[in-house]
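In the two complexes that follow, chain A is the common piece, with chain B as its partner first and chain C second.
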Partner chain A sequence: MDAFLNQVFAGLATGGIYASVALALVMIYQATHQVNFAQGEIAMFSTYIAWTMIDAGMPYWPAFFLTIAIAFVLGVLIERVIVRPVEQAPVLSVVVVFIGLLVIFNSLAGWIYTYTIKVFPSPFPKEPLHVGDHFFSAHQLGAVGVTLVVLALLYAFFRYTPLGLAMRAAAQNPTSSRLVGIRVGWMLALGWGLAAAIGAIAGMMVAPTVYLDPNMMSGILLYAFAAALVGGIDNPGGAVLGGFMVGVLENLLGAYVIGNELKLAFALVLIVGVLVVRPSGLFGRVHVTRV
Partner chain B sequence: MAALLEVSKLHAAYGPTRVLHGIDFALEEGSITTVLGANGAGKTTTLRALCNMVQTSGEIRFGGVRIDGKATEDIVRLGIAHVPDGRGTFVHLTTEENLRLGAYVRRDKREVEQDFERIYGYFPRLKERRNQQAGTLSGGEQQMLAVSRALMLRPRLLLLDEPSFGLAPLIVREIFAIMRTINQSEKVSILLVEQNAAMALDLADHAYLIETGRVVLSGSADEIKQNDAVRRSYLGY
Partner chain C sequence: MTPASPLTAASAAPGKSRRIALAVLLLAICALPFLVTNYHTFQLTMVLVYAIALLGLNILTGYNGQISLGHGAFYAIGAYVAAILMDKWGVPYWATVPVAGLVCLAAGFLFGLPALRLEGLYLALATFALGVSMPQLLKYKHLEYWTGGVQGIVIMKPDPPFGLPINQDQWLYYFTLAIALVMFLLGWNLLRGRVGRSLIAIRDQPIAAEAMGVNNSLYKSLAFGVSAMYTGVAGALGAIAVQFVAPDSFNIFLSITFLVGIVIGGLASIPGAIYGAIFIQFVPNIADQISKAAPWAIYGVFMIGFVYLMPVGVAGAIRIAWARIRRGSGRNGQQ
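Up next is the complex of A and B:
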């Protein structure tokens, strides 16, 4: 029973990471109907930026917040400089641009930091925490906590602030948004900035467990993609739930059923399965168009 | 009275398809002016051109200042609220959020809150439905919402695109009555585009008739109502 609980908990911890990245994917998808395949690599690159600062002697938390800010600016810049020119381009061109970004960030990280894995520090204590009769890894608890705080902040931002409302409006109905004075182009850029910032947090939270290397996020992006699809790619709440579900399922299946080697295949099966059986996901909107 | 809106030699096109061929018109401050015409005459395009939502050339002056070539978002900030064709409802947001977006560019927070009550006074139905998703409102309620969203800007000029479209006559009458109130008590000038010529002419002070992208007739609403050609083609008697 103890082992089982620990597996579930570890699943929740990685699930939080998937949930964050899935949320970042959904944010960009909602606004542009494009899946940003470079999301994971931007997160990985941001984590390297954090590593550089910490390695240079900066304390963890200032480096953490500075990295989030840098990632935000990076996201905005990518939207303004690279994505905006292809706004009207056919979907395949955009996909190619995203894949190009993925390769660029991956190679750039390899070129600057080499492909040898690096140890990334955790801000949480090394000793496991004692809760009742159970022991939990402090980092996993902390990561879940950070994820939940991020989610709560995002929810509050989109639900209660004028800017959050404007961003939702711009994603749903750009024409009407312009007519009430919303600068839609900037809302997209802001969305990219937020997505990159969320990704950076996910990267910094996962790096202590999986170690930092340029391919750190490639598997995670796949799980996040599965999570987003399970939850419904146009539903942020669904994507978050999907993230936790995928995390727990992946861990339990890995521990008890299929073994660790086939875990990534599970994500692919999930993606194909959802697309075949229920393309709009568990909580997504079913799009019906009259023709 | 001074002209609030002056338009001269306005051309508009969707890609290679030219729709407006140099129209001229003016709207007096405080008036209700209507643009009439058949399907495809260019009524909706005229409103879109004013907000720079289509390719345009020509001169548009609002309060004496040229606004042609300005971005849609900046034209809104000058006090022009546009109720677009198809109502432009944010269907996944609540009624209240839709209204809040109407006041997006305003910085006078306290007055915005008062305006909610004012609008709910005009349309009590919206107050009942304020936490409901706007997409679930009836057509009439969505039209009320669209007008209300525009009013939340506290505009100087309200552009209305076919507010009667697809609605029951009773609801149309209700909305038109409120238009008149808004025009008289709040001094909002209105440019109304309508296919329902009879109702539009009853409401308006001034009218323009456009056919295939050109102004073919203009005058006071009463004069236009008396015009034989208009009576036969647009009023049907």
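Up next is the complex of A and C:
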């Protein structure tokens, strides 16, 4: 039972990471109906930026927040410069542009920082925490906590601030929003910035456990896709819940049923399964198109 | 990206001068292995292999509009089928190619069935997942007896038959060339007629196509199967040429390489597959000299650049330039 609980908890910890990346994907999907294949690589690249600053002697937390700010600017820039021209283009062009971004960030990281893996520090204490008879890694607990804090902040931002309201309006009905004076284009750019910032947080939280290398996010991105789809790709809360679910399921299946080698295949089955059986996910809205 | 109808170019009966030009080109292609080193011959063989794979992906993505980011998986299946047949059962290399094609036809058709329910972005997502998870599936320990696990399988390079006075690399080049010609001829026949028109109609106006009596589901899953078959044949030939298969050479970046190839060569274009193959074979070789990461940076920049500046790809650009030259010289061009 103990081992089982530990597996569940470890699943929740990785699930938190998937949840953050899924949240970033959902943010962009909601605003633009595009799935950002480069999300994972942007997160990975931001983590390298944090690593550079920490390696140069900066304390962890200033580097953490500075990285979030840099990632935000990076996200806004990508939207303004690269994504904007293909906004109305066919899906294939958009996918090709995103895949292009993916390989550019991946190769830039490899070019600048080489492909050797790097150790990324954790801000949380190294000693495991006791709760009753159980030992929990402080980093895992911390990562879950950070995810929940990010979620709460985002919720508050979208629910209680005028800017959040404007962003929601721009995503839901661009034309009417423009008529009431919302600058829709900038709202989209802002959405990209926020998504990149969330991705950066996820990257910095996952790097201490999986180590930093240019390909660290490819598996995580897949799980995040699965999480977003399970939860409903247009529902932020659903995506977070989906992230935790996928994390726990993945860990339990890995430990007891299919073994660690087939974990990615599990994500594949989950993605295809959800898309075929219930494309709107557990909590998503069902879309009806008039033909 | 809406490529200009490529069928006009493909279905136009080749004129006499064009036929002569094609014959000269073919002769030049046949003479190439005697003019370059063995290593370059091997590279040219790989161009042909990639061209077959790209034609396959183009049937699906370019002509039928179904985005696949996981065609590396079918290439891998083809390669492994060939390698396992040769390694475990001693099947001659030439017999593995059709088997690989058939296995991939079935695999593609089966994957195409759930894919019917997925459109655009979602299909891209599902195939992306297929591409990412393929290496792990190949490493699966219960398949290790056949796949050789992480180590992969080493296979022997075939000797030229009938005591032909050429070396192994040259023979492999001609063998691949023959299969490539057959595959391209088949593809050209398939795409210039009824089937090709149906595929394009489904891509551009699925509802109208359905109303015109095109069986959308059948054609879409068949396109998936045929596309996978082409890629599987290419995978088998690639395995024989490289003499080695291992899980990590079939990662998601292989699938992305194919996507780069059709975007740069030209979507929905048969010659585009060849231009794309030349690009993905030689550009990384040149760029590798700058840095190990450089080829991918160049791929990325080219992908985005082509989407913005030349969405019709190299094949489309050549077509446009050719049409301009013909108009310039006062003749009444077909285009």
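Simple rule for what comes next: the second predicted complex is superposed on the first by the 289 of 291 C-alpha atoms of A that agree within 3 Å, B and C clash if a C-alpha of one lies under 4 Å from a C-alpha of the other, contacts with A are read in each partner's own complex, and residues count from 1 in each chain.
To be clear about the criterion, contacts are C-beta pairs under 8 Å (C-beta built on N, C-alpha and C of every residue); 3 or more make two chains touch, one makes a residue touch a chain.
The structure presented is a predicted model; accordingly, all values stated were derived computationally and were not measured.
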Original post:
Does chain B (first) or chain C (second) touch A:Leu253, or do both, or does neither?
Top reply: neither
**OP:** Identify the partner contact of A:Ser107: answer first if only chain B is touched, second if only chain C is, both if each is, neither if none is.
**Re:** second
Original post:
Which holds for A:Pro162: it touches chain B only (first), chain C only (second), both, or neither?
Top reply: first
**OP:** Check the residue A:Val272 against both partner chains and state whether it touches chain B (first), chain C (second), both, or neither.
**Re:** second
Original post:
Counting only touches as set out at the top, which of chain B and chain C does A:Val180 meet: first, second, both, neither?
Top reply: first
**OP:** Check whether chain B or chain C contacts more residues of chain A in the superposed model.
**Re:** C
Original post:
Regarding the shared-chain residue A:Leu66, is it in contact with chain B (first), chain C (second), both, or neither?
Top reply: neither
Original post:
Which residues of chain A are in contact with chain B in one complex and with chain C in the other?
Top reply: none
**OP:** Please give the residue numbers of chain A that touch chain B in the complex, ascending.
**Re:** 162, 165-166, 168-169, 172-173, 175-184
Subject >> Sites on chain C touched by chain A in the complex >> reply: 1-2, 61, 65, 67, 69, 114, 117-118, 120-122, 124-126, 128-130, 132-133, 136-137, 139-141, 207, 252-253, 256, 259, 263, 267, 291-297, 299-304, 306-308, 311
Original post:
Tell me, which parts of chain A touch chain C in their complex?
Top reply: 33-35, 37, 82, 85-86, 89-93, 95-97, 99-104, 106-111, 115, 218-219, 222, 225-226, 229, 259, 261-265, 267-268, 271-272, 275-276, 279, 291
Original post:
chain A touches which residues of chain B in the complex?
Top reply: 51, 53, 71-73, 76-77, 81-82, 84, 88-93, 97, 100-102, 104-105, 149, 153
